[in-house]
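Following this message is one structure expressed as structure tokens.
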Amino acid sequence: MTRAFYIGRFQPYHNGHHSVLERIAPLVDEIVIGVGSAQLSHEVENPFTAGERLMMIAAALEEIGVPYYAVPIEDLRRNALWASHVFSMTPYFDIVYSNNPLVIRLFDEAGMQVKTLPMYRRDTLSGTEVRRRMVAGEEWRSLVPAPVAAVIDEINGVERLKQISSSD
Amino acid sequence: MTRAFYIGRFQPYHNGHHSVLERIAPLVDEIVIGVGSAQLSHEVENPFTAGERLMMIAAALEEIGVPYYAVPIEDLRRNALWASHVFSMTPYFDIVYSNNPLVIRLFDEAGMQVKTLPMYRRDTLSGTEVRRRMVAGEEWRSLVPAPVAAVIDEINGVERLKQISSSD
Amino acid sequence: MTRAFYIGRFQPYHNGHHSVLERIAPLVDEIVIGVGSAQLSHEVENPFTAGERLMMIAAALEEIGVPYYAVPIEDLRRNALWASHVFSMTPYFDIVYSNNPLVIRLFDEAGMQVKTLPMYRRDTLSGTEVRRRMVAGEEWRSLVPAPVAAVIDEINGVERLKQISSSD
Amino acid sequence: MTRAFYIGRFQPYHNGHHSVLERIAPLVDEIVIGVGSAQLSHEVENPFTAGERLMMIAAALEEIGVPYYAVPIEDLRRNALWASHVFSMTPYFDIVYSNNPLVIRLFDEAGMQVKTLPMYRRDTLSGTEVRRRMVAGEEWRSLVPAPVAAVIDEINGVERLKQISSSD
Amino acid sequence: MTRAFYIGRFQPYHNGHHSVLERIAPLVDEIVIGVGSAQLSHEVENPFTAGERLMMIAAALEEIGVPYYAVPIEDLRRNALWASHVFSMTPYFDIVYSNNPLVIRLFDEAGMQVKTLPMYRRDTLSGTEVRRRMVAGEEWRSLVPAPVAAVIDEINGVERLKQISSSD
Amino acid sequence: MTRAFYIGRFQPYHNGHHSVLERIAPLVDEIVIGVGSAQLSHEVENPFTAGERLMMIAAALEEIGVPYYAVPIEDLRRNALWASHVFSMTPYFDIVYSNNPLVIRLFDEAGMQVKTLPMYRRDTLSGTEVRRRMVAGEEWRSLVPAPVAAVIDEINGVERLKQISSSD
């Protein structure tokens, strides 16, 4: 059995994340999804709680159909301990998929096998752009899977982001 | 839709936990399972990592068949903030099931509906007894669901507990 | 009895804070004043300790004559827990006065009544401007209540700010 | 002007604390009252939040009539830093009153003048005894100043303590 | 080149520690000495600061003459991260010497070579006994290397321990 | 005996640090070298672990020949406690050498004697410039003592810095 690890902040979960997970799914038996900076929320860069992000992941992964674990990972702000921190919070995994240089380096120094994925156009999407559109009142729904948009609506996510983005 | 919250330390997951979850499952649509003291491991009272406990839960819940989220909850050591901490790390839930007086009190002060469950004989089981048997080399497999015993074997859990329980 | 909550960093307490508290005072019986980022001091943006800021508040509030509590509030860097953190450190209050979008949002999500105040000219004052003048050796005393200026003199506040603002 | 420092956990504020403060009051101009272990609450040994303890202090000090500051002090669990931590959170003070050997030692190493007070019979009172009586349903009101009892009633303090003291 | 790691709390450094280091010294080129629970001091079980313990180690190691690094290691209270924490704070080492089951386990899970040492009579010495004698006013100097006793005298260590051990 | 304190981040140890320590060495008996921001590593501004920085210091100080202690100092992010934090982690010292305004201020408020050193041309060197050259593939070895360059090579330091500096 092969279990893969993939981490993101998912602020919010968008088509770029979805595209990566769709491509990893057929290659492995199970995916462990780390929800990074789990302790942050109600910030312009991090509007959603870890729990809300777990809801988005559950909604989106139903489509993909791969068995998965979604696990909040709080920041330690000690990079040298970060891989151990991830290991302690997650089921054992065999391989890491990441295009983030620091994530790659830290798992590499910890002796893990790390693979990068070729970028698709959808991967160039960023949470920054999704949040910018939400604040600006522009169209953002096409950038996230439909079930994720439904979760964001249910939790009034856009309203929260707009409010905390307004100036004093 | 009704989503329930249930929390334990799961050191290890045993028949008492299983019995509670079996009884909650038919009453709700989804269960959020909090893995308490998530940051602790490799201690006599807390031998297993949060990730290992997630593996036990996944193995055991397959039998029950209810949709669930399993979420590590790190200790804050600030009881007044604990309910908010749980809320931030978990999907929204409507009801809490607990027989722990502090858990009941903290969710009650946070305005949540809390229900207790009548105790069955199997509920009187404690992680303490399971760990005592493991250290003593006594029979412990009958106290946990079979798939959980398989996880504990896979991670050499008994050996670890024995070693950290030996005196200097 | 009505108790109101108002929070600031008070680096230092200036006429803007004073004007807000003067307007809240006649509307309520008691005011709970939160001293935010209490753990920070000796920084260009946060030169004064929480204790020094308590001295400024005591000096200034004597003029206003409203019963009050002044309470240091350390940062948690977990917004989802912040309202509970404030609740745990302060006497119970019924209403929050704030013009800060994040403070408004967090108390609103916690179910508190929040009111904003129309801005006066004096409210547009910022601690940033007071600190800038102190560092530049410009006139700053007219921007703070006279008893606050006396506290800042007593603790040699301007000298400290100038020193930590000098470059290496 | 002389400002004195006195620290307690005030779980709850009782006649022993009151007697000490009554004797310090005539000797100094102002008292800084530290509320120790401020972050703890909802525990058998620490049932009340820092904010609730501030309410008890405010109620009790009205009788004594001395100007005071009451300041929550969170535990650092680093004794070597504790005196600096207290200094940073409180207005400047000239003298410490304490009978606690560790408090005496830490302020002494920090160069502060520390005085002990002769014990009165009322001083032998302990928070432990007050809490024991509350849990046991025994008479406890005579052990605390009447205005403190009123605060404890207002916040349903005895009920909370009883509930968290009950066994699982 | 071989570099070994050895960890203790050194409260205080005693003949047991010294005997172990004397036996490791000829086997390796350099020793990395971890000073555990570095953040604790002024406690009955942990009277000395990390800095004071570094002074004791420097005084004692002069006799042994092996090149060494002495490094304070603060507690993390997350066993799963502890080996990484040690690695991040210390020069690289090849081998660990320890008789502590938890230390052995944690380095073993981290893939390190761990060796135990046969116990000598002097090894059965414990910091507990040294501290007990200090508090009781009994003879303790024969239990520590002479240069360590000189450091303890220089810092008035026995007086501090006696004072914090006295009851309130 | 005179013991001096000097602190830097040593990311990496360069000729500027070396020049300062060479000038302090003849003035004192021992030097305590604080390794600041000890918990940080694997960041563009802080690539090396505290342990790796201890190795660089040991390599460089052999040339200078002064007795020294090198001690990792983790950030507290509470400036008012920082001097006490340093005192607790280090052997006692009599004098501080620093040109950093905040370090000077904090030790000055703690009652320590602080001296500045006239700047040499080599002192204008910064870790920022050394790291920039490493990332850019430019010549950096002339900016650090030769034994430090050897340590950086041994730990593959440049490769790590390049990798974590690459963009996602």
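We just call them A, B, C, D, E and F in the order they show up, numbering each chain from 1.
In this text, contacts are C-beta pairs under 8 Å (C-beta built on N, C-alpha and C of every residue); 3 or more make two chains touch, one makes a residue touch a chain.
A quick map from chain label to UniProt name: A, B, C, D, E, F = Nicotinamide-nucleotide adenylyltransferase.
The model shown is predicted, which means the values in this text are computed figures rather than measured ones.
Common neighbours of chain D and chain F, listed by label, are C, E.
The chains that touch both chain C and chain F are A, D.
More C-beta pairs touch across one of C-D and B-C than the other; that pair is C-D.
Chain B maps onto chain E through a rotation of 120 degrees [Cα fit, steps of 5, range 0 to 180].
Each chain gets a centre from the mean of its Cα atoms; the one farthest from the centre of chain F is B. Over half of the residue-numbered contact pairs at A-F are shared with one candidate from E-F, D-F or C-F, namely C-F. Both copies, chain E and chain F, contribute mostly matching positions to the interface they share, with over half of the numbers common to the two. Chain A and chain B have CA centres that are 26 Å apart.
Taking each chain's centre as the mean of its C-alpha atoms, chain A lies 37 Å from chain C.
Multi-chain contact residues of chain B, defined as those touching 2 or more other chains: 39, 41, 49, 78, 80, 87-88. Here the chains touching each other pair up as A-B, A-C, A-E, A-F, B-C, B-D, B-E, C-D, C-F, D-E, D-F, E-F.
Of all residues in chain A, those touching chain C in their complex are 39-43, 49, 160, 163-168.
For chain B in complex with chain C, the residues that touch the partner chain are 76, 78, 80-81, 83-85, 87-88, 111.
Those residues of chain F that touch chain E in the shared complex are 38-39, 41, 49-52, 54-55, 58, 69-72, 74, 87-92, 155. Touching chain C in their complex are the following residues of chain F: 77-80, 99-102, 104-106.
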